[in-house]
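Shared between the two complexes below is chain A, which has chain B as its partner in the first and chain C in the second.
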Partner chain A sequence: MLEVRDLIVSIAGNTILDGLNLTVRDGEVAAIMGPNGTGKSTLAYVIAGKEEYEVEGGEILVDGEDILAKSPDERAAAGVFLAFQYPVEIPGVGTMTFLRAALNAQRRARGEDELTTPAFMKRVNEAGAMLEIRKDFMKRALNVGFSGGEKKRMDILQMALLEPSVAILDETDSGLDIDAIRIVSEGVNKLRSAKRSFVLITHYQRLLNYIVPDTVHVMSGGRIVRTGGKELALELEQSGYRDFAPHSAAQPAAE
Partner chain B sequence: MAAVQETVDRVKSIDVTEYKYGFSSVIEMDKAPAGLNEDIVRLISSKKNEPEWLTEWRLEAYRRWLTLEEPDWARVNYPRVKFDELHYYAAPKSHSGPKSLDEVDPELLRVYEKLGIPLQEQELLAGVEGAAQRRVAVDAVFDSVSVVTTFKNELAKAGVIFCPISEAVHTHPELVKKYLGSVVPTSDNYYSTLNAAVFSDGSFVYIPKGVRCPMELSTYFRINEQNTGQFERTLIIADEGSYVSYLEGCTAPRRDENQLHAAVVELITHDDAEIKYSTVQNWYPGDAEGKGGIYNFVTKRGDCRGKNSKISWTQVETGSAITWKYPSCILRGDGSRGEFYSIAISNGHQQVDSGTKMLHLGKNTTSRIISKGISAGKSQNTYRGQVSAHRKATNARNFTNCDSLLIGNDCGAHTVPYIEARNDSAQFEHEATTSKISEDQMFYCQQRGLSAEEATALIVNGFVRDVLQQLPMEFAVEAQKLIAISLEGSVG
Partner chain C sequence: MPARIVSSRTDAEVALADAYGAAKTRLPGGEAVRHLRDDAFGIFAGAGLPHRRVEAWHYTDLRSLMREALPVAARPNGSSLGAINGELAGRPSFGGGRLVVVDGTFVPSLSDALPEGAGVRSLADVLSEGRPELIDLLAARDFGEGDAVLALNAAMMQDGVVIEIDPGAEIVEPIEIVYATASAQPAASFFRSLVVVGDGAKVRIAESSIGRGGRAGQTFGCLVFKVGDRAEVGHTAAITRSEAGSLRLDSFVADLGARAQFDSFALVDSEGLVRRQLFMRFSGDDAKAQLRGVSLCQGREHVDTTLDVVHRGLGCEGREHFRYILDDAATGVFQGRIRVEKQAQKTDGKMMSRALVLSDEASMHNKPELEIFADDVACGHGATVGSLNADQLFYLRARGLDKRSAESLLLEAFAGELADEVGHEGLVARFRAEIAHWLGERTKAGKGSGGSKG
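Then we have the complex of A and B:
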């Protein structure tokens, strides 16, 4: 479960998030929509702990525990996962090496034993098959020379391996063709569980045809300004975000 | 910004006094008086009962050294060495040629244990029957005199000679006389000339015709007695069609005063022979203010004397205050090949000026240079490399790749290639990059659960992977550990 309360965040003196509130219950898939530059990606980065942002107020709780004082790796071990809009390439670092290092680092941080090689291989192979990732990809350096769709699939594979309690997908559909969206979405749908909260950040309703959200939140001016069910996304598709300009009359419905 | 900044701070904060191997053992030393003159040179020679030709060879080198000036072209700054305050000879007193590890000073064995060199384990390993077992023969050099030489019988069966050079002078004088100074002549440079005059000891290896050395040969050595320059001299000869892989690894105890290390390594390959020479160097780099640390002024050169012969240098350089080192290949034989794979990591106030020379003399000679420099802290890291094709070196080919990685804003990386082709059929390629670990890479790794140190080590290991792959397995593991130690202090 993710709870964001009265979050105020600035970067270089500019306020980006201005008293944002958001609750995503266990098992819930929440879509966050809104125009460009409204702070959606900032929200994702701040939850994951990227340090260039200044948190001036508020709380972020994961499963009831405040994570704001934690470093990014501690937040990961606490169950936060961010699927990046642009997953980075790490030259020379084998994909398997990276996956294993990440998984074992999190397990160590939680006081669990490291996985044995056979157990690790089994889990990677299962996740790889689910996401239709060719085995030779696993032998290459992480994300190096991967297409946009392949990188996104690799991110979802990591999500499957790391089993987060809060999974945030930042514009996962951007730059993907329709087949890639289908594969990624099917992967995400298989990872939906009663214990996991999903936050889908997206511009377009399109992704939500594949991953049907429980709730849809509209963000504008650094706040959630309206909350509804999945039908809200369709409404936005029709009318656009015009009604939600930061200084329009619309009031934050979520509060 | 912040994530990387944290790593930078961490790297900066590494108190180099944490240097893992910075201890000093108490073994009685037998030391020559400070300073250098012909009497000292004679003393060194007589201590080793050397034949007259070698005494004369040393004296000639000494006289030549007096006429030379210390080179200053490298991109390093340091207080000049006071050569007249150094001791040029030191030997453990207990030296009487132990026949087995049981006869070795237990204090010495403890030193090796602290260094994580499982001598006994390795000996056991080599005694185990079965082809699957990798074997490593250790000629352990403690300061100046070799005190333990293992596996001689095993090697003798193959006809391989692997012994201290001081011993080879007596047991194989014809080979030593023929090859000593034939690659690095006594007149070569300031430090190698000094080495020729006062060299202490080192390894001698001869692989006979057609023999593939049955195990990897390894020497671990340390500088120990305070104020003692160490002048290692290594000579490796691979006769026609033979092969040997030689590993050199070293650490030194902590010192307040700078210690000079001026080694000379000479490699010779005859027709169709191959020598693979790997080094992991982790000498004391100095304290957090840059005080102390080893001056590593080394001359390493291989001569591909025969047709289709090959010499490959692989080095992982993490230690020393100053490194001045250019393992080189003279590609004399037609069709010969030289390789240089290097990882040089500098942190704190370390200064590295290292690289290689590939001198193409024969026809159809090829060479390959892969250099990975990593600078952190306030260190300066320079790659200096020379590739040249002689007039007769038809179809000489070289590929050079120099990559530099910067960690933080106070360090420097420099690439100084010298390329000279006197034959228009030569094909030389040079690639160079300089990069920093990106904020995005750090954040990505940390988001997946890796700590800042783990993320840095992972990214750096990825950066140097091409070179690590060249190392024999045992060394690759050790090298990865050293990389972690060099950049993170407490890890490993």
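Then we have the complex of A and C:
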């Protein structure tokens, strides 16, 4: 369960999130939609613990525990996972080396034993097969030379391995071809569970045909300005965001 | 040349002159070699230890950094050799033959015979025997002209190995040259080795050091490669595990024939002062060479890599890529001079240096220099100095790696990438282990920007 309360965040003196409230219950899939530059990725990064953002107020609770004082790795161990809008290339770091280091680091942090090599390989192979990731990708350096869509799949593979309790997918659908959206969505649907909360940040209603959300939130001006069911996404498809200018309709949307 | 009167010779310069005076009648070689030594010492005496007004030594002011000259190491004795033998026994070998050089002296009794197609003799024997063509190659007169350190090595060379690879021979596993220290007292050693690779031959030479304790010495080494036409040569050097206060001055000379392929990688993880100077010439046409290196520097270490590459042949390809990781108050120096002579058309050259600076007190000096006299060439260079990439660090930490592990993984990747190109599994594994060891020590020392938070 994810609870964001009255979150105020700025960067370089500009307030980006301005008293944001959002609750995603266990087992819930929440979609967040909203205009470019409104702070969706900022919200995702702040939950994951990126340092350059200034949290000026509010709380972020994961399963009831405030995570704001935790480092990114401690948050990961507490169950937070962010699938990046732009996954990072890391030359020289083998994909398998990385996956194993990440998985074992989290297990250690939770007081669990490290996985044996065969157990690890089995998990990776299963996740890779589910997401139809070619085996030779695993032999490459992490994300290096991967296409945009391949990087996104690699992020979802990590999610499958790490089994988070709060998964935030930042525009995982952008850059995916039609088949890849279906494959990735099936992967996500398999990972839906009564114990796991999902936040899907997306610009396109199409993704929500594959991963049917429980709730849809409209974000504008650094706040959630409207919340509804899956039909809200269809409505937005028709009307756009013109009814959701930040703060009040009188202010220009660029502010 | 009348020796310039150097009124203010340093203690080290005086001691080196005395050492040469005392040793010269005992050093190996006949009349011709004695002349070579005297000429070389004349160059050294005239110039003195290089200092910052000598352009090639601007960032490594040896005159002020080398306070004293240690006594020249004596020939190793039986009991010290026994200890080294024990240490060697515990070290895996690749099967290509291991040549052991103790305090600058080649010790056949500790060394292996080389595989068919390769032969080895001591430098002392070769100098005494006096074959002019080998003496000429050893003298390498037209490389590093005027360089006082190279000249000092030529004057004082005690011993070393001379390896000859028959034309067409294929030596599959690396021939190792292992340097060991026996002297209980800090001492200086001067060694020079030569590798003559016949036309079309294939060989790999791997240099490394062993030994614990007593390593705060001064070594003046020189390795000369004469690479025949179409030969394929690999070279690696692990310059590791010396003690604080040591001084290591390595010169490296390579003369490449037509269509030769040459590949060299060095890992420097060594305390004190290290200077590697690499002189390479593409003498024939269509040769390809890669010079690469990784330097891991901490404490007050000072690591200098200086390249002097000359393109003379047509259509040769040169790739130089050096990386540094600098922590604490370490200093890194990279100077790369690439000279493309007028007739060396179609030269394709790329030089790159990258440094990661992990501490405010560490510093990196880069000086690339292209001197191009031919008009139809593609040459470029780049140099970057920076810190670890914040987006990469965050990505790793968001997946659960704590700050130190994430930093180590990125540092290991940065250093390991070049080591991986060595092309011999056993050697790559050794270099990887050495890099991991350095990072492990760094993590143990609690470096790397605080605890898990932050």
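As a convention for this text, the second predicted complex is superposed on the first by the 246 of 255 C-alpha atoms of A that agree within 3 Å, B and C clash if a C-alpha of one lies under 4 Å from a C-alpha of the other, contacts with A are read in each partner's own complex, and residues count from 1 in each chain.
In this text, a contact is a pair of C-beta atoms (placed from the backbone, for glycine too) under 8 Å apart; a residue touches a chain by one contact, two chains touch by 3 or more.
Computed from a predicted structure; not experimentally measured.
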- prompt: In the superposed arrangement, does A:84 touch chain B (first), chain C (second), both or neither?
  reply: both
- request: Applying the touch criterion given at the start, work out whether A:137 contacts chain B, chain C, both or neither, answering first, second, both or neither.
  value: neither
Message: Touch test for A:109: chain B only (first), chain C only (second), both, or neither?
response: both
- prompt: Now for A:76: first (chain B), second (chain C), both, or neither, which partner does it touch?
  reply: both
Message: Going by the contact rule set out at the top, does A:204 touch chain B (first), chain C (second), both, or neither?
response: neither
Message: With the touch criterion stated at the top, can you tell me which chain A residues are shared between the chain B interface and the chain C interface?
response: 48-52, 71-73, 75-77, 80-82, 84, 87-88, 90-93, 97-98, 101-103, 105-106, 109, 141, 158, 162
- request: Would you tell me which residues of chain A are touching chain B in their complex?
  value: 48-52, 71-73, 75-77, 80-82, 84, 87-88, 90-93, 97-98, 101-103, 105-106, 109, 141, 158, 162
- line: The chain C residues in contact with chain A across the complex are 390-392, 394-403, 405-406, 409-410, 412-414, 416-417, 452-454
Query: Within the complex, which stretch of chain A touches chain C?
result: 48-52, 70-77, 80-82, 84, 87-88, 90-93, 97-98, 101-103, 105-106, 109, 141, 158, 162
Residues of chain B that touch chain A when the two form their complex: 1-3, 6, 438-441, 443-452, 454, 458-459, 461-466
